[in-house]
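Please read through the structure below; I'll follow up with questions.
Chain lettering (A, B, C and D) follows the sequence in which the chains are written, and residue indices restart at 1 in each chain.
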Amino acid sequence: MQTVLDIMSWILLTAGGGFVLVGGIGALRMPNLYTRMHAASVTDTMGAVLVLSGIMLQAGLSLATIKIAAILLFLLFTSPTSSYALASAAMLAGIKPDAGRAADCEDAS
Amino acid sequence: MELLGLFHYWVFAVLLMIGFYAVVAKVNLVKKLIGLSLFQAAVFLLYITMGKVSGGTAPIFQAGMTDALFSNPLPQVLILTAIVVGISTTALGLGIVVRIKEEYGTIEEHEIQEIDRR
Amino acid sequence: MTVVFGIFLLTLLVITAVAVVRTRNLFVAVMLLGIFSLLIAANFLLLDAADVALTEAAVGAGISTVLFLGALALTSETEHAATPHRWLSLIVVVSATLVVLYATFDKPTFGDPEAPIQQHVAPWYLEKTPEYIDVPNVVTAVLASFRGYDTLGEVFVVFTAGIGVLFLFSAPHGHAARRRPGARDGSSIGLRDDLIPRVVGRLLVPFILLFGLYVQFHGDYGPGGGFQAGALVAAAFILYALVEGEDRTLQALPFNALLALMVSGALLYGLVGVASIFLGGNFLDYSVLSEDPVAGQHLGILLIEAGVGLTVTGVLLSIFHAFAARDRF
Amino acid sequence: MYYVVTIATLITMALALVRALLGPTVYDRVLSVNMFGTKTVLLIAVIAFLAGRPDFLDLALAYALINFIGVLAVLEFFKSRAARRAAERAGDDA
C-alpha cells in the first residue's frame, strides 16, 4: 500500500514539476502579455494542484493534509482572480490582445 | 567548500552596499527609502545567517524530537521584532516624503535644496 | 543540497536588489521589492527561521506594497535622471564594499556549531525553556518572557511610529487651492465596481482574520505570535478596504477604535509588567501571576502577545488609513 | 523526490525574475510578481516536507491568503490613477 502511494505521489510531483517548468518557460518566451499570462496560469493551476496533491499523498491523514487542502483551495480562488484583475487592468490601459506579434509598448507613464 | 562557507556573508556585504549606494547616490527621496529597506534587509539576513547551525532545525520543539540540533533562537527574536519596526519606520519616512511633496511640489533632493536657497 | 538552494536564492536576491536600484520607474521598483521580499522570506525559511519568515510574509507581501503604492500615488512615479556625484558615490560605495568583504574573512564558516554566537546564552535558552516556561516554540519564549524588556521597547517604537505618521498627516494641505471638489470620488470606493475581485476578496477576509487569530494563539506551539498576527489582521482589513472602499472599512472599524487598539495594546503590555511588580516579582516576571510559576508564565505570555497583536494591528491600520485618506493631487 | 519539484520551482522562479527584469510593460512585471508568489507557496510547502517540519505550512498558507492583496492594490492604484488623470484633464479643460 505504502509503495503504491509513494509511486503515485512520485508521478504527481514529477508531473507537477514539469508543468511548473513549462509554465515558467512559457511566461518567459511567449510574444505578448496575454499569451504570457496564459502560460503563467498553467503553473498556478495545474502545477500547484499536482504538486500539492503529491505532497498530500505523502502526508497521509494528518493536520498537514488539511492545511495543504486549504492552501490549494485558496490558491484556486485567488490566482484566477488576480489573473482576471491584471488582464482587465491591462485591457483598460489599452494593450490590445494580438497573438501574432509582440504587441506591447511601454506604458507611457 | 571552505570559501563557499562565506558566500552568505558576501551576499550580505553586497546587498548592504547596494542599499547604501541607493541612499547616497539617488536624489529621489522614495528611492532613498527603498535603498534603506534593502540595507535593512541585508542586516536581517546577516543576523539570521549567523544563527544557523549546520544540520540544525527551527527552534520549535516537536513531539518525538529528542536531542535534535536547533538553530540559535536569539537572532530570530531580534529580527522578528525588527521587521515590524522596520515597516513602521518606513511608513513614517514615506509620510515625511508625502508631506515634503505637498509643501515643495517635488521629491527630488536637489530641487528641494534649490527651493530652499531661494 | 539545501545549501545549494540557499545559494541560488541568494544570487536571485542580489540580482533583484541591483534591478530595484537601477530602474527609474518607481512603480517597477516597488514591484521588484515585492519579489525581493518573497525571496528573502524563502531564504529565512532555509536558514531555519520560520517565525521570521512568517513575519516577512505577513508584512512584505501585502502591507509594504500597499504603503509604497499609496506613497507613490501621493508623490510621483518616476525618478528624474539626475544623479549628481555619481562617480564619487560609486568610489565610496565600492571601497566600503571591499572593506566589508575583507572583514567577512574573519567570520566563522556558515553553520559552524562552534561559532562564538552559539556558545553564549542560546544553549541556556534552549535548555531551560522546557523547565521554566514549557512552551514548544523557543522563539516565543525568548521574545515574550526572557527578553520581554526588548519586546516592550519594540512595541513602543511601533507605537511611536504610528503616532508620528498620524501627527504628520494631521497638518493641513500645502496645496489646498489645488484641491478640486469631487476629485476624491474615484479613490474612496475601492474596487466596488469590479464584481469578481470584490466577491473573492470578501470571501477571503474572514479566512485571513481566522488565520490571524490562529497565528496569535498558536504562537506558543508553532511559528507565530503577536507581531505576525497583528500584521495579518491588518492585512485582512486592508483587503476589505481595497474591495469595499475606505468608508465602509471605517464603518466596520472606526478610527477611534484603531487609536484605542494602539493604546490599549501598549498599556496592556506595560500593565502586565506593573502587575508582576505588585505581586512581588520583578518587572515583566510572569512567574508570580499565578500559583504555579509555569502557569504564570503561560498567562503572562498570552497577555503580552495579545498586547503586541493589538498595538501592531492598530498602528498598521491607522497608518494605512492616514495614507488613504490624504487627498490626492 | 522532493528535490525534483524544488529544482523545477527554483528554475521557474529564476525565469519569472528574468521576465520581471525584461518587462516590457508594467503589467508583465505585475504578472511575474504574482507568479513568483505562487511559486513561493509551492517552494515553502515542498521545503516543509523536505525538512520534515509540517508546521512550516502555516507560512505557505499565509502567502496563499496574502499574495492576492498586492495584485488588488496594483489594480486599485491603476484605477485611481486613471480617475486622477481624467479629473486633471477635466480641470484643464475648464
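As a convention for this text, a residue touches a chain if its C-beta (ideal position, glycine included) is under 8 Å from a C-beta of that chain, and two chains touch if they have at least 3 such contacts.
Source: prediction; values computed, not measured.
Asks: With contacts counted as defined, which of the two, A-D or B-D, has more C-beta pairs across the interface?
Replies: Counting C-beta pairs in contact, A-D comes out ahead.
Asks: Where the CA atoms of subunit B average out and where those of subunit C average out, how many Å apart are those spots?
Replies: Subunit B and subunit C have C-alpha centres separated by 12 Å.
Asks: Centroid from C-alpha atoms only, then distance subunit A to subunit B, rounded to Å. What do you get?
Replies: The answer is 30 Å.
Asks: So the centre of each chain is just the mean of its C-alpha atoms; given that, what is the distance between subunit B and subunit D in Å?
Replies: Measuring from centre to centre gives 20 Å for this pair.
Asks: Got the subunit D residues that touch at least 2 other chains?
Replies: Answer for subunit D, listing residues that touch two or more other chains: 13, 23, 26, 30, 32, 51, 53, 55-56, 58, 61, 65, 67-68, 72, 74-75, 79, 81.
Asks: Multi-chain contacts in subunit A: which residues touch at least two other chains?
Replies: Residue numbers touching two or more other chains: 74, 78, 81, 85, 88, 109.
Asks: Which subunit C residues reach two or more other chains?
Replies: Within subunit C, the residues that touch at least two other chains are 50, 72, 194, 197, 200, 204, 207, 221-223.
Asks: Which pairs of chains touch each other?
Replies: The set of touching chain pairs is A-C, A-D, B-C, B-D, C-D.
Asks: Tell me, which parts of subunit B touch subunit D in their complex?
Replies: Per the stated touch rule, the residues are 57-58, 60, 62.
Asks: Of all residues in subunit D, which touch subunit B in the complex?
Replies: Per the touch definition, subunit D meets subunit B at residues 51-53, 55-56.
Asks: Show me the residue ranges of subunit C that touch subunit B in the complex, using the header's touch definition.
Replies: For this pair, the touching residues of subunit C are 3, 6-7, 10-11, 13-14, 17-18, 20-21, 26, 29-30, 33, 36, 40, 43-44, 47-52, 55-56, 59, 63-64, 67-68, 70-72, 74-76, 79-80, 82-86, 89-90, 92-94, 96-97, 100-101, 104-105, 107, 109-113, 115, 117-118, 121-122, 125-126, 130, 136-139, 141-143, 147, 150-151, 154, 157-158, 161-162, 164-165, 168-169, 171, 173-175, 221-223, 225, 227, 230-231, 312, 315-316, 319, 322-323, 326, 329.
Asks: In their complex, what parts of subunit A are in touch with subunit C?
Replies: Residues of subunit A touching subunit C: 74, 77-78, 81, 84-85, 88, 109.
Asks: In the complex, go through subunit C and note every residue touching subunit D.
Replies: 1-2, 5, 8-9, 12, 15-16, 19, 25, 27-28, 31-32, 34-35, 38-39, 41-42, 45-46, 50, 53-54, 57-58, 61-62, 65-66, 69, 72-73, 180, 182-183, 185-187, 190-191, 194, 197, 200-201, 204, 207-208, 211, 215, 218, 221-224, 228, 232, 235, 238-239, 242-243, 328
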